[in-house]
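One chain, chain A, links the two complexes that follow: it is found with chain B in the first and with chain C in the second.
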Partner chain A sequence: MSIHIDSVSKQFGSFAALQDVSLAIPEGQLVALLGPSGSGKTTLLRIIAGLEAPDAGGVRIHGDAKPSIHARRKVGFVFQHYALFSHMTVFENVAFGLRVRPRWDRPSKAAIKERVQKVLAMVHLDWAGHRMPDQLSGGQRQRVALARALAIEPEVLLLDEPFGALDAQVRAELRQWLRRLHEQTGLTSVFVTHDQEEAMEVADRIVVLHEGRIEQDGTPQEVYDHPATSFIYQFIGQVNRFRGRIRDGHFQVGDASVSVAGHPHEEGTRVEGYLRPHDLDLALERSPGALPATITRIQSTGPLARVRLAAAHDQSDLEAHLSTEDLAQLSLAVGQKIFVKPRRLDLFPDTSPATAEDWVI
Partner chain B sequence: MAESSRLSAARQESRPVRWLLILAALGYLALFLLAPLAAVFAEAFKQGAAAYFKAFEDAEAWHAIRLSLLAMGIAVALNTAFGLTAAWLLGKFDFRGRNLLTSLIDLPFAVSPVISGLIFVLLFGAQGWFGPWLADRDIRLIFATPGIVLATTFVTFPFVARELTPVMLAKGCDQEEAARMLGASGWQTFWRVTLPSVKWGLLYGVILCSARAMGEFGAVSVVSGHIRGETNTLPLHIETLYNEYQFVAAFACASALSLLALVTLALKAFAERRRDLDLNPDLKQETAP
Partner chain C sequence: MASPTRSLPGFGLSLGLTLAYLSAIVLLPLAALVVKASGATAAQVWHTVSDPRVLASLRLSLLASLGGALLNLVFGVLVAWVLVRYTFPGQRVVDAMVDLPFALPTAVAGIALTKLYAPEGWLGHLLPFKVAYTPLGVLVALTFIGLPFVVRTVQPVLEELDAQEEEAAACLGASRFQILRRVVLPHLAPALLSGFTLAFARALGEYGSVVFISGNLPFRTEIPPLLIISKLEQYDYIGATVLATLLLLISFALLFAINRLQARLRPGAARG
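Our next item is the complex of A and B:
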């Protein structure tokens, strides 16, 4: 089933959790709602689920403006803290959604048993039917919660920070597993996360939310390589930031002038240039557009070397990633003064308050 | 390590001080709890077991016991229904007038039981507000069983709601939301999810409510009129016997009431433990593989 969100807004007291958010999720897609806490991602998910009513706008699942009871039942929801029924066995938890159906729609006892065994086997917990939830570990409980949501044969699966409460190793395992499950079932799935790595690894598409608005919507590759805003640059992945000014159409930072193709910024405005660590070249000789910097730390475990530097013009921290072979060729040492050159740079308006230094050129 | 040794160091009192404190606590318990309990049984059996059991052959004693049980039964049933509803509202919903409801539930605790009894006399008594209206229709509340039930219900009103509200609050709404997402109706959610998840808290509240209803004296004393064999509850019957110098009979009945209290106490301890386990499953032995 596809999900259509039309200009949804939601206010909690004076706090605007969502402001005019629209989103269309086609059938079969696995979408991550990514954002920091307070960005509105969980509110959006709860509105899709129907657990929260929007103040304005609406949600249509499979094009139905008002989902009937039956359509409502096609949405499976997985809660961050599992929300298992603590007084029921694992089996009863999973069977719940089938048992509460009206009599004309309820499967027979044998069919319920078969269905529950089948989904428990899917989450590798067929041995745990008689256990109580508090006898299971966190990862196992979350798998029961997934099985419970899958037992009702949903056509949309919603997951609210599903792995947030688990430790790193279990989390990594369950991510892989969720991806595989998605490939097997083809369920339209939306999951909320604040972990950009998780979103990158699992999702087909990432929707980044910030202060109740969608900041970017794209594939993991697009979001990582072409962040739409400075917020996303800082929120996703590692980033270097240069603060400077537009002068003669170039980006002037310190005493270097970097040419940036096709930027829309006006002459004289203060801008910030962002780039990923692997887009920062290191050189021993000065060249046009290069900035002096001092190496503060070199870390070369694995195939990738990380070099931390302090920019000469404002002492800001920089990081460059290069292959260990390149590192060996340059034969760098901590404390050495070298030159950094941005290979590509994205410019955004600098909205921070101006300091005295900004006027000294 | 440092933390724990510091803690135990803080707990290290010299031996005499420790014994003195323990003795003081035990002495206090003995003086104010055990001695009265022992006295009740001692007085009841003063003239032997035969005299003791003879006290229960009295028809008025049985009537008093039956009346007490009836008042308790109705009061507990009403207050369980009300308490469950109120705790569910307070625990699962945010609404206007939440604080007002909380304060109203506490009202019977704040009012002296004798005053509560008087309020009912002022409302429903012969000279009361609704007195003439009731008299015209030949309905008798005061100095009759309905008045006793009413007074008992009022006094024991807060117990179930107060016990259950924190349990409902602590459970949160996660499980209810999960049930809803799985397609359960509101009714199904309440009976299959909410109620089972608070059952030990509910039992605890019901037990406290029963104990209080059984022993209620002040409010009932005002509305009952002390008519022997008609409106005397067990506590009132004991008072009547005592005032008539029938000490053995009075203490025999008192011992029956005390026994009920002890049974209630045992049940309460059990329910309390289950309720705490429910609220904090980590207290159970870790059995996860």
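Our next item is the complex of A and C:
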């Protein structure tokens, strides 16, 4: 079912966790709420679940207002640390949501058993019904938590850093598996993560939160290729940053002048140019718009070579990614002085305090 | 013959110390009691045990201790819940007050309770029935001294309880009452039983606070410890030790049974 979040604000003491956040999630979408810690992503998820009440604004699920968790609207919520009932078997954990239904709505014993077996089979744990949660591994526990959430046939599935407590390999497995599960069930799902790779891999849509506001909302492709702000550029993926100034409509950095099409920045303002490592070309000869740099490290394992450089004008670290064939062709060596040329560049206002160097033009 | 290697060293020493300590503090005095009582003839034992006055006192003591422990079970959990789950002004003071029944000399508590609940006392004159000098007074005194046991055993468990389990239950559609019954109480059960047992055991042996509020009416408000003292005052050492041994056996049997029950309640012990 669809989820509508209307201008939700939430304050914890003097800390504004969420500021006027609105978001509409259509039925069947798998959305990642992505942000660093303190960005308000978990608070937003808890408000959707009804575990937290917003100070202002509201949440509607399938068009109906959802005042609080005790209104008995069913949400499947998966906690980072599983929150399994430690005194119950896996079977009892999964059956819990069915057993607590009011008598007129409660399935028969046989129906409960069948339903529990079905969802346990879905998470490949049909053999574990009689185990206690503390006899299972972390990944298995989280699958039990998912089965428990799915058993009640929830309207929406909410996951709070579901794989955050697991080790890397299990995490990668469960991501794939969550994606498949979503395709199977078609449940409207929202999951919180601070791991941009996880968000890219699993979600249909990424909502980036920063300091209690939505910073960007789009497909993984859009968010990665066209970050809306410098924060997102730095938060998602690897990035190179050039600090410079607008002169004659061009981006002046060091003694190079890079032409950037259609930027809105005024003449003379300080700006930062961002680009991904694979958008940085390396050349042995100087050309217009290229900057001198020194190679500090070359790492060529796998098909992708990573070349780290120090920019000549301010010694800032740069990284370029190129294919190992291109690397072989250039026959580069550590310590060599070469030229880097941005293939594309996104400019954002430089809000950091000016240093003396910035005035040396 | 080589002794098997243990992964944890010091077993011999620590067990030796434990046994020596327990013997000096617990076992020897109790053994002296039993030795003295074993000097009694069968007729003397029967005379003491079958005395209707003794039986009445045992009945009162057991029932009032049970009642007090049950009352504390309910209200002790409430106190612990309020102290753990809410913050309010004066919380620390309330928290400290819980221990007062431990610290106060029991005779002082007894006299204070008697003054309060006497027919002309602050609370007593408001009540339509008599409390002091009735079995109800005994219950009040035993409830008073037992309160800290339940609160102090339940409180830490409640603090450690994972609030997310309750949130998970709420998300799954459980009502507040269902959450309490199916999620919170099972976690508290071992602590509840501990607190109950301690309060009950303490009440069985209580003397100081009861003798003032009960009025010590034969067959109505006498408790076994009082009978033991009065037998001692009449130089009836045999009678006193026989009665004390009887009390000891009853207490031990009850505590042992409750401990067994508790072992089965421990988390992870239940399967199915």
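Keep this in mind: the second predicted complex is superposed on the first by the 352 of 361 C-alpha atoms of A that agree within 3 Å, B and C clash if a C-alpha of one lies under 4 Å from a C-alpha of the other, contacts with A are read in each partner's own complex, and residues count from 1 in each chain.
Convention: contacts are C-beta pairs under 8 Å (C-beta built on N, C-alpha and C of every residue); 3 or more make two chains touch, one makes a residue touch a chain.
Not measured: the values here are computed from a predicted model.
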Side-by-side fit of chain B and chain C on chain A, or clash: clash
Touching partner for A:310 - first (chain B), second (chain C), both, neither: neither
Touched partner set for A:140, first chain B, second chain C, both or neither: first
Contacts of A:130 with chain B and chain C, given as first, second, both or neither: second
Which superposed partner A:89 touches (first chain B, second chain C, both, neither): second
Contacts of A:170 with chain B and chain C, given as first, second, both or neither: neither
Doubly contacted chain A residues - partners chain C and chain B: 49, 51, 69, 72, 75-77, 79, 81, 83-87, 96-97, 100-101, 134, 145, 148-149, 152
Touching residues on chain B, where the partner in the complex is chain A: 174-175, 177-185, 188, 192-193, 196-197, 199, 278, 281, 284, 287-289
Interface residues, chain A side, partner chain B - complex: 49, 51, 69, 72-73, 75-77, 79, 81, 83-88, 96-97, 100-101, 134-137, 140, 145, 148-149, 152
Residues on chain A engaged by chain C in the complex (per definition of touch): 49, 51, 69-70, 72, 74-77, 79, 81, 83-87, 89, 96-97, 100-101, 130, 132, 134, 145, 148-149, 152
In the complex with chain A, residue positions of chain C that touch it: 162, 164-165, 167-176, 178, 182-183, 186-187, 267-268, 270-272
